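As written, the chain order gives the labels A, B, C and D, with residue 1 at the start of each chain.
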């Protein structure tokens, strides 16, 4: 019994490390695929790992006080905790009956951590980025919550493990086909949470030169990059778990998450960036309406599929 | 020809101006500095709405600055150079912002590079050269080679130039 | 001890060489050849080089062409805000000896009196191939731990400081910091 | 240093404003800085801080001979140097009172239109980066590379060509060059459709730039605005037609105009200009006459120019580019005044248009005006 727990803890820790590396490789994939779309060769897939090592190798400290340091730690911590909740390949260390809703909030924690640290840095560009980020999170909140409710009503549970179990059998049992509205909404919200076009407003490089990240360099940025990569993977995994029938074996894990990530990368490369108020009004219009539709569908038809 | 017609028209209205056709679509009008504002207003009213540029030419041998207003009329398709001269010591002139609003930037430019003050200009400040510490640089008596030697130094391999 | 390890470790030097981030700061004509170098025909991202708008994240400062005193102030501030280790590549003949602007009263004649430069590129203007060659050269220097411009700057700070003060006047740092007070924190 | 402290700057009464210094270390501004005072998310006041690129061309030109000035003065506007050298050459030609041969006129037209296209493609890179769509920017710079290659074959240089010279052009067209040019022109026509799909007809671009930073025709003319920025307000004022030079009087082309004078119109006018320039190149190649390429000019070493003054202008990719050259009869010009389009667009117009826009729109407005910082500072 005790041995089982220890093995499971070790496996989960190993999984988190794997996910950290995978997150960086996902960013490498994003850069490579973008480069191919730009008709370039692009960097190797392991480029972000080199970047992170390089950032750790910076000699000068780049701190602006305790809050500034905490920001990047919160970002990484939030992403790791979110990763621990995911039932990947049968591992379920922190899984409990309401983990879907906890995951939903943990997904926002990295962004909030960056905002917290950036607000302490005192650079005006950071300040602009912070308020943009907070507005964007507020905008994403409503459709996100509605879509999560729709999913919960669809399966009549909030546990990720049970959601996976309910999707087994036929491909038509996948969340994507059972409640396409919620699937679409969460995909859109994912773009906003992952800070990619058209929702990369908080860190718009051409407007406010990386926004909240402008003062972060060296080790802090290394933590942030790792957190961002991990968030990418966590989101892709979460999406595969909830809507694509779960990730019970390594092959389906890789295939499904990479598929989700590629979708995000393609969208990122063909859309410009919105203005913050346009993004906000968009988020409260179409995704909200879709999420409501999804909720209605889930409540009226229930699990009848 | 439209250029000659234009010259005739201008000379009819203002008998004191010197006007001539330089070449195709280029007309030159010379006027004394006191009379320029009213000529300018008239020219604007007959279609010279586009002020291409204001050039300043330094002529120390005559002791004058020459101001050239390059005007373009979109209707007549004629470029008109409105020329006037102002004395070189303590140069001062009136601003043309109320006639052509974009005189604002050109007058600031001329103030910066020639040191001509424009009365009524709201914002005469150093725009391009910051912390300039010599006479305005585009004047002919500004010795740029001597200034460079003073400011940037002369290359001297004897000195501690090479580090390690 | 930790400092020594950070400075001489082979792995770290390899990572530094393969991930040079450029500050997007075009100081002169040479900036026009950077987009071609970054895009499909030449593509410097295959060496891990990207440009970042944030000074704190960058390792490499490109002086793309002639430098005026007004720009040089910003260059020095940017260079001092960057985190060690940091490198400079100077493009074209103008930073070497002011090139075609040798008699202009507003261009700096010898750039390395004011900041340390690691790699020079000759030519007006350097072609993308020349820029790539300089980048590869810098990468090799970083890998071997020979690109030590930042160390030179720290060790000979008095020399550089004296030259800077002679060009801009004694209190130029105070004036610039007053202007940029929310962007400089150290 | 906190946000509260930041807000205290310039905060009179209840208005909480703070300063943003955009540039010169910034992705969009190149070496050029705008200091904007921001209230909430809205710009209250914008002040342009230029001068980072001042090289004193007007002083340098007085100390160089007429021929030496050609390689110097074309450096005024870096993305579009051909128009500068042509305008200077035309001013000198006016002073010498020479007419260039027909073949030189046509070659100049081809070169200038290629320069316009490559400048617009370079602008596409900046514009698409300003709204966050890097794909089209990457494509357009790669396509510009094809024109640069042709330039290299024709003139021997990638950026600074020193090709249009007082009296004509320096070299004749090499064998087979026009065929290569036609191939690139055809390729570009196909690529433009792809750009349209991804960028110019993109919904988000339209929502972001429609109605942004509007300017009326009356205002634009009184401010001295020229080029695509003026045409976007709805008037077909183009110096290629109004004050014709090179072979433009013999070539049939239309002038694209906008309707509302907003940022989207300015973008679309530039995009249509690429298409029209391609057509002009096709026509000019078809009608290319044979003959000499250089009018007889004085001995290059004793290039004394009769006293007088001349103003020549071209329609560059950014607007009216003019040179006012005064000669005193010696071998060096007495005064050269450069009239760059960005001196108006990048200073006065920009300060005016940036009022009451959002922070996010600053790069869009800046890029839609297509200003060129080296041209402001000269």
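As a convention for this text, contacts are C-beta pairs under 8 Å (C-beta built on N, C-alpha and C of every residue); 3 or more make two chains touch, one makes a residue touch a chain.
Every value quoted in this text rests on a predicted model; they were computed, and no experiment measured them.
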| item | value |
| --- | --- |
| Interface with more contacting C-beta pairs, comparing A-C to B-C | A-C |
| Gap in Å, rounded to a whole number, between the CA centres of chain C and chain A | 36 |
| For chain B paired with chain C, centre-to-centre distance based on mean C-alpha positions, whole Å | 39 |
| Where chain C and chain D are represented by their mean Cα positions, the distance between them in whole Å | 28 |
| Geometric centre distance via CA averages, chain D-chain B, whole Å | 23 |
| Residue list for chain D, restricted to those that touch at least two other chains | 1, 6, 19, 21, 25-27, 51, 54, 56, 59, 63, 138-139, 142 |
| Sites on chain C at which at least two other chains make contact | 39-40, 53, 55, 70, 103-106, 182-183, 185 |
| Per-residue multi-chain contacts in chain A, two or more chains | 38-40, 122, 124, 205-206, 209 |
| Contact pairs between chains, per stated definition | A-C, A-D, B-C, B-D, C-D |
| Residues of chain A touching chain C in the complex | 31, 35, 38-44, 47, 50-51, 53-60, 62, 64, 121-124, 205-206, 209-210, 213-218, 221 |
| Contact set on chain B toward chain D in their complex | 22-23, 25-26, 49-53, 55-58, 68, 70, 72, 74, 77, 79, 81, 100-102, 104-105, 109, 113, 127-130, 137-138, 142, 144 |
| Chain C-touching residues of chain B, taken from the complex the two chains share | 129-131, 137, 144-145, 147-148, 151-153, 155, 160-161, 163-164 |
| Residue ranges of chain C touching chain B (in the complex, touch as defined) | 69-70, 103-106, 108-110, 113, 152, 156, 159, 166-169 |
| Chain B-touching residues of chain D, taken from the complex the two chains share | 50-51, 54, 56, 58-59, 63, 94, 221-224, 226, 235, 237, 242-243, 309-311, 313, 320, 322, 324, 326, 334-335, 337, 339, 343-344, 347-348, 377 |
